[in-house]
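Please go over the structures that come below.
Both complexes shown next keep chain A, but they swap its partner, so chain B is in the first and chain C is in the second.
After this line comes the complex of A and B, so read on.
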């Protein structure tokens, strides 16, 4: 493993991948800071750009974006009380009060250092756990893989949105979409409506471009009249780098929140918000003498260390098992697929340079994020946050349309993008989350194939899933995750009561 | 919380979809039909739960939201027209028009700048895809770009 990691470092430290990583981190910081844009939208829109690139270079851009977007979201959260990404909602609680006290620079510095700490922690987890898990996964048979897909679906169904029923509905719609095209076992064409383009199934990347890019434009269009009157008054940003005393004070919060973020990040579908709320709650309990929500540094530190800790750790199930941890890591499947690669244990065996360069990329991207974040924070606050959203919408639409077309030079992909943009918008109106749909669409084929193979092995008996110890454990874990909404309902305690406008 | 009849409508939609999948799978070989049938049955159960929960909420009151669906429809219409004319007018003209139309529809106040901004944006995207990454883009009837 050490040789492979060194191989990863060798690939990443070449000029082109390094520049790509730097570019990705910069883009990630900018898009994260822009309210209305997030890592999912940017990754979906930019995946087609990586199509013509060397996979190592392309992946570095995406890794950089994914790492930095999460941190970038904290900048408007602190300066304007507008979370740039959903992951910065909790940062607003203590970040903005610090800005009101004239401590905007200090708050940004805390967010930067906390993000770097959480990010580095999770990249180390990814570095050591993913290859180990992938090695173990090579021994898995169809029943274990089937149980794993059930686990992935159960966690996302149990935790993605507020309603278990709506999560499951999103999941089954994803399964229906996954059934379009040739059957994985027999090659028999199903639900293709005589359209030959559909024989290979719904194209994944245009679908994601629609679900993230076009849906976000439609959401923005819906509220544009209200948006027109918003005028940002940006505060002055002074010293950003935190003092040694502050770092010492925040270290316990970073360690706790980073650990929470890593544990939750590894669980497929558990989601970043859960890690953030939990970390904030723990930080509150540990600092009972401080009034959280009034500009407490630990409040920012807990949220930022936790959300960045989720980033790389959410790649653990994707790289080692082929199961995406969240929507953003599902987008990496699209990026790997257009390069003819497939995530999962075989990636470490067949394409070790790709697998290990992604892992090392996360580590290096987090190292870049610190100094770059401090450098560009003032620039972002001065220029980028002033870009009108209408212009951004035009740019996103153009990138979406170009990207969807460029994947396979086909207008059919543009249609898929439009259809899924509308589906995403309707889903939002119906309170149906997107992540279970994406996850089941990814896992649907894998689930069906392994289910049918298990049935062949057991001569049609479902008992095979309980007879194999690992598969039984995974299924029991799935049961637990399905029950999570009911358990959390019993234990629920509201953390946020502030009037944060989530539409922003 | 959304209105109860929206959920009721969704449950009907799920019944139709799962019924369609179940009936269609009758024409598939047994192995290929197994999974769609299982999913369809599971969906019917979910639809039933949704229907019951919607009916239970029928007396609840909902705050009406002030949403601008007309602009949403205009954006969708713009995208559909773009898909239809992309091969006719070519990438550059069609995408510049789409971008300008989107910015205009979103009520950008400085109308004089819209075309200029769109041209610059699309030129940059064109250079990235066509020149840098060498990805072919539609040339249109003018056949110059």
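After this line comes the complex of A and C, so read on.
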């Protein structure tokens, strides 16, 4: 074990793989930070370039991109309220308010350190306990996945926001969107209006680009028209690295969020969004004294530690079982296959230098990500906010449209982006939050598929969800998650009326 | 002001999209009339996401193209969506000049039968088939079943769950063929890809599953999955102990096939020229080694042979598919 890891280190610490890793991290950071472009597109574009390379070098580029893109997405999320990648949706909730308060540097620093912490934690998991955990993840069958999606959706109730009702409205709309497309079990097309582009449902990434990128540009346009002049928020970016006191304060959040990210990452198909929403929800519960959504450091820390913890741990099922945990790690399968390598346990036996250099690569990439991220953040925070908003927004629209188009080379996705840009704008006018919609839309499809599969397994009986211990525990947890916001509201109410009575 | 801004924004979007789209088309139009073929790069439309089997094999072909194409390249373009329908539509509607080639796979036959499409498999002129990946029947490593017959016998008395990568997918169809030949009924669990199928079988959540040999070969070799039979006419080189369905008394030969095709209106000489180009690539030793290393079984069929094969497959499907749609 240790010998093999040392072997991995000796491979990675050669000049070429090292440069490749550094290159990958840099590219990942930039691509992640550009709204509209994400890690999947970049990996897909760069995989053919790795053909001709030595697999040790080629893999390092891909590892670097995968690691850094997820973190890079937090930079525009914090500075502009536009998540660069889906993984930083939750980061906008507290990141952007901090920028408005003039604490952009502090927010970026928290995002960087949290990401590095989460990333290192999961690369250690990948190094030392991957095979064991991968086999635990196999205990997840359809009923467990169903219960897990319910747990994810139950966080809607506790999500930061002023109105519980509006959270629920957004959540229900998300579930409705998830119904569009073919039924996962019968293949029957629903709400697709004869349009084949909708057979697989509303494409997620273009929708996201619209909800965030286009919505914020529309808001800015409205602003310009109304006020003719935009005041610049020019934060002083003096110190990016968090103070010792702050690190001490965030450490518990990092550990819980990193753990949640690792657990979710290992379960194939559970996904990064589930991890960030769950850990944000947990962080909120653990810090009842702070008002999340107004620029709370723990809010950023929870999301960023969780999403980077998913990165390396999503490679656990791929390397241990040959099953890709998400779409990015599925791209690694393609890259390995083209090199004539088959992912799975045999990779460790047949090509140990490649298998272990990938694992070590994740660890080292996270080390690169820290200093490099601080450099890039500092640069962007100082200059991006100085660019006149009118010009910046034009660039962002171009990037968004390119990104939406590039996902499947289709103009249809650009329409989806525009439509959801308008929907997002209307939502903002009505003060309906976006995040519940995104969460339920993603989990809705998964929930339906696994519900229907469970019903086939149990011949139509709901008892299967309670008979299987893991799913029963997850369902009870979701009941708790869902009910507590309501109960605490009920408990609060009498106190308020008492106050009024006293005043009278 | 407001209006100008909106027009500007939309203009910018259209412009940015237009930039990426227009260049190859213009080039293709210019070159369509010239005598030398190909004068320019070719494009393969892959109607699936990057990283999958079809994408990987097309990219292997593309990587060997410069040798066979006089230093011109093949560009792989992923146009996923609608279970392949979006990319297949793009392939059918491409200029019939031979420059746009579709990754032509089993679903070109089944999609028009199960969904509303503007094309059928006859909208294409097959150019070359390079892969036949037979279906394997997979069970968990600790499953009590060791032969197809044992599983079938059990299924006659009990409910057996079978995982597929999707309703009306090639492997769902393979399951229906097996039902047809043996008279049993499976309870299908439909997923959206092989990854989840493998996880469900390994975790023991289902009784069995159908997928291609290429998708499961590493796990079978390692012993984390067990295979009961392979739907091909001879045993696989990678798994010499695995009996075929035929050997076990069931005459089923079925699997996923992959090839390349152009719109049916493409001039015959272009189809012929493409046939020769791809034969050269597929016949290349480098291609064979790369496919073997990746665990993807290969085969070669030229334009006419391939067309006959596809027509035969379509005939077979016409009998089986109505049963699936009837269940909706």
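In this section, the second predicted complex is superposed on the first by the 270 of 504 C-alpha atoms of A that agree within 3 Å, B and C clash if a C-alpha of one lies under 4 Å from a C-alpha of the other, contacts with A are read in each partner's own complex, and residues count from 1 in each chain.
Quick note on the criterion: contacts are C-beta pairs under 8 Å (C-beta built on N, C-alpha and C of every residue); 3 or more make two chains touch, one makes a residue touch a chain.
The structure presented is a predicted model; accordingly, all values stated were derived computationally and were not measured.
By the touch criterion defined above, A:388 reaches chain B but does not reach chain C. Contacts of A:323 after superposition: chain C is touched, whereas chain B is not reached. With both structures placed on the common chain, the touch criterion links A:281 to neither chain B nor chain C. In the superposed pair of complexes, A:341 makes contact with chain C only, with no contact to chain B. Once the two complexes are laid over each other on the shared chain, residue contacts for A:408 go to chain C alone; chain B is not touched. Look at A:140: by the touch rule set out above, it reaches chain C but stays clear of chain B.
Using the contact criterion defined above for the overlaid structures, shared-chain residue A:53 touches chain B, although it does not reach chain C. In the superposition on chain A, the residues of chain A contacted by chain B and by chain C overlap at 48, 51-52, 183, 185-186, 188, 217, 221, 224-225, 394, 397-398, 401-402, 405-406, 409, 411, 414, 418.
Per the touch definition, chain A reaches chain B in the complex via residues 48-49, 51-53, 165, 168-169, 172-173, 175-176, 179, 183, 185-186, 188, 190-191, 214, 217-218, 220-225, 228, 388-391, 393-395, 397-399, 401-402, 405-406, 409, 411, 414-415, 418, 421-422, 425, 429-431, 447-448, 451-452, 455. By the touch criterion stated above, chain C contacts chain A in their complex at residues 1-2, 5-6, 8-9, 12-13, 15-17, 20-21, 49-52, 55-56, 59-60, 62-63, 76-83, 85-86, 89, 114-117, 159, 161, 166-168, 187-192, 195-196, 198-200, 202-203, 205-206, 217-219, 221-222, 224, 289-290, 293-296, 324, 327-328. Across the complex, chain A meets chain C through its residues 43-44, 47-48, 51-52, 137-142, 182-189, 194, 196-200, 203, 217, 221, 224-225, 268-269, 317, 321-324, 327, 330-335, 337-338, 340-346, 394, 397-398, 401-402, 405-406, 408-412, 414, 418, 449, 453, 456-457, 459. Of all residues in chain B, those touching chain A in their complex are 1-2, 6-7, 10, 14, 17, 21, 24-25, 28-29, 31-32, 34-36, 39, 42-43, 46, 49-50, 53, 67-69, 71-72, 74-76, 79-80, 82-83, 86-87, 91, 95, 98-100, 102-103, 105-109, 117-118, 121-122, 125, 128-129, 132-138.
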